[in-house]
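Shared between the two complexes below is subunit A, which pairs with subunit B and subunit C, respectively.
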Partner chain A sequence: MDHVIRALPDGKEVLLSGRLTFADHNNFRAIIAQFSEPGAKRFVLDLSGIDFIDSAALGMVLLARDTAISRGIHLVLKGAGGQVKRIMEVAKFNTLFTMED
Partner chain B sequence: MIEAPDLGTCKVLIVDDQEPNRRLLGSLVEAMGIERIEYAVDGVDGLAKIESFRPDLVLLDIMMPNMDGFTMCRELRTRPEWRDLPVLVNTALSEPSERVECFKAGATDMVTKPINGPEVLARVRIHLERRLLIQSLSAYHERVAQELALAARMQSEILPKPQRLEALGEACGLRLESYYAPSSELGGDFWELLDLGPDRLGVLLVDFSGHGVGAALNAFRLHALIGRMPPGRDQAPSEWLRVLNGALKGLLGPGQFATAIYLVFDTASDEIRYASAAAPAPLLLDARGQAALLDSSGFFLGIIAGVDYEDRKVAFPRGSSLFLYSDALLESPDTGGRPLGEADLVDFVGPELTGADPVLPGLVKRIEGRFPPPLPDDLTLVRIARP
Partner chain C sequence: MASSGPGSGGPGGTPGTATVRRIAHPDAAGLAKALEPPTTLVVEEGLADTDTRPTEIRPPSSLGLVLSARTVFGLDVVSLFLNAIATRHPPARTRGHDLEVALQEALANAVIHGSLEVSSALREDPDRFALYCQLVDERLVDPHFGGRAVAVRAEWDQTGLRLSVEDQGGGYDPATLGPAVPSDIAKSGRGLQMIAALANAVAFENRGRRLIMSFAA
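After this line comes the complex of A and B, so read on.
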């Protein structure tokens, strides 16, 4: 997985690309750590560049949700497509997250 | 921090045709606190002493009668057991090409004659310490590998045995087949048959997130949990998943969860009632061999307390069969690095599933042909047919 971080007026947007798997957990944890930066209200994970996600990585996204809730941050999942979209539908992520196209 | 190993337990073999050299090297090595020293006078003698004395390091001269040091070293390296034995050549050869020749013959390191005591000592120490560290690491590695293999066997032992599949299936007019292959590490797959009395049979398939010991321990926890809170005969599948979700939510650590599907096969009403927690979509084959992937959406188990699961129902008359699998089937890379994916699942498994019983051996062969074992995750396959 590669990622690029972009500042938003009220938070940050992270563009993820490649395969998101258990192998990325340290990398992903570093991204989640930015939730605690002062002033952040909104965090967008742009998944449009992710072409594969495994179950362990879904767990990381769910952990990000826990962290966001505890810090009062609005976490948005954006642009999921293909296998990523399908697996997130199966796990009912649409009821757990704000999902944007 | 790793402590310096105790070199006093090491054995050193000195191979040299000159008696004064043997004595000099012997007293140097002895001064390091190494007491177990053996001597050989040429390459032939050296090879014999290696087998009988079993040294941890060899100090080897090159120019010797009968068999020289090059030949002895080359011969030694053809024996797998001694491939990694440190061989420290001490030689009067000083031409670069000759030194290269030593390494080509399999020497680990070299010191040039005339013998420089402190240098010999330093090099002997480095190679012995390195050998001891590698030995202790490989002993540790071997012990962990053995324990993981034992854990993998224990994990397959908590799965339903063939006799149980046959007995419970026969009582309900169902024919069951299963297959389980643990991954190279441990994994979190688990499945269970639930005896629900006449004409009804429960099947639960669970896959804990992640790999390794943590996922496997969660499978054991669930096995114990089911023993304490089995489903009732008339309990809706969604209700039992709710119970399991509540129990697992309290047990699992952060980031841990499971996918699951619980199905009740009812041969009196010719249907399957089921509820799913994001399990891979089951494949239903009707009496005409038409395939359909069933809706299996639902919340993961163990993430959010108190969520509801959905009860679903499909017809399951005589001639139908249902195929359940863990996500290793969809997510494992094939020889070209591509996973199968849901879209190609029916085309890939369909031909095998419509054959004569038992169908899983043929399917497993097909899977192994495309996805060379061992797979990165546990693979569980369960097929329930209604003849």
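After this line comes the complex of A and C, so read on.
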């Protein structure tokens, strides 16, 4: 998985691409580290470039959620499609996250 | 670098010639090339122990792959292996999504929990995630853990396809697994649940080191 971080007026957006799997722990650590930066109120994970996600990566997205909540950050999942959208629906992510098209 | 030569059909094998390719330091292109027909088994050189290599190769309706946990971690082995199967057995494409998800989950377990012996409990808590990352990174480069073999095998016939994934870790008792349905906010425990939902049958052998997943045609 590759990721690019860009600034938003009220936070940051991370554009993810490729396969999001158990092998991406260091990518997630880098993303979660961004939550500690001052001023971030809203964080968007743009999943539109992700074509596959496994259960370990789902867990890491949930870890990001825990960290965001503890820091008062609104975490948004955006653009999930195909297999990613289906697996997130099965995992009931719509009840845990703000999901945007 | 890859070398090839005839191998044994192994006990119980039907007539046919196994073609074994050995590959050093595989990258995606090298592994894709090594998996091309008529290969029936690809083995990475320099593994800590190759006892796990699948010996019951039954050409032409099977394909085996034995790589280090480190290599499985670093490459998209799922896509490469399933593409190689589909080349030999086009009906596998009809269940391509099921196979992709199930094999991905099985390999993740074989690498992280089986080979590297890192507990998913460390992924449950943001405060312990750094330790999880540290352990995975350290053990991937440790020959004792990262050099362990992970063996994948596919067999197919007109009734369907069977995938097995085996690691060289300490094994475990599948009866001790957590709840069949993890909580919505659990960070782990979904992999085997997903496999069970997608495969028509699942079996464990060798003290949990070998997972066998059957997919009907």
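Heads up, the rule we're going with is that the second predicted complex is superposed on the first by the 101 of 101 C-alpha atoms of A that agree within 3 Å, B and C clash if a C-alpha of one lies under 4 Å from a C-alpha of the other, contacts with A are read in each partner's own complex, and residues count from 1 in each chain.
Operating definition for what follows: contacts are C-beta pairs under 8 Å (C-beta built on N, C-alpha and C of every residue); 3 or more make two chains touch, one makes a residue touch a chain.
Remember, it's a predicted structure, so these values are computed and weren't measured experimentally.
Superposition note: with subunit A as the common reference, subunit B and subunit C are in steric clash. Shared-chain residue A:Ile32: touches subunit C; no touch with subunit B. Contact with subunit C, but none with subunit B, is seen for A:Ala23 once the two complexes are overlaid on the shared chain. Of the two partner chains placed around the shared chain by superposition, subunit B and subunit C are both touched by A:Gln83.
In the superposition on chain A, A:Ser70 makes contact with subunit C only, while subunit B stays out of contact range. In the superposed model, A:Lys92 makes contact with both subunit B and subunit C. Comparing subunit B with subunit C, the partner in contact with more residues of subunit A is C. Shared interface residues of subunit A, touching subunit B in one complex and subunit C in the other, are 22, 52, 54-56, 58-60, 62-63, 66, 83, 87, 91-92, 95-96. Taken together, the subunit A residues at the contact with subunit C in this complex read 19, 21-23, 25-26, 28-29, 32, 52, 54-56, 58-60, 62-63, 65-67, 70, 83, 87, 91-92, 95-96.
The residues of subunit A lying in touch with subunit B in their complex are 22, 52, 54-56, 58-60, 62-63, 66, 83, 86-87, 89-92, 95-96. Every residue of subunit B that touches subunit A in the complex is listed here, in rising order: 207, 209-211, 254-257, 259, 278, 281, 296-300, 303-304, 327, 331, 339, 341-342. Taken together, the subunit C residues at the contact with subunit A in this complex read 73-74, 76, 97, 100-101, 104-105, 108, 111-112, 120, 123, 125-126, 129-130, 132-133, 136-137, 184-188, 190-191, 194.
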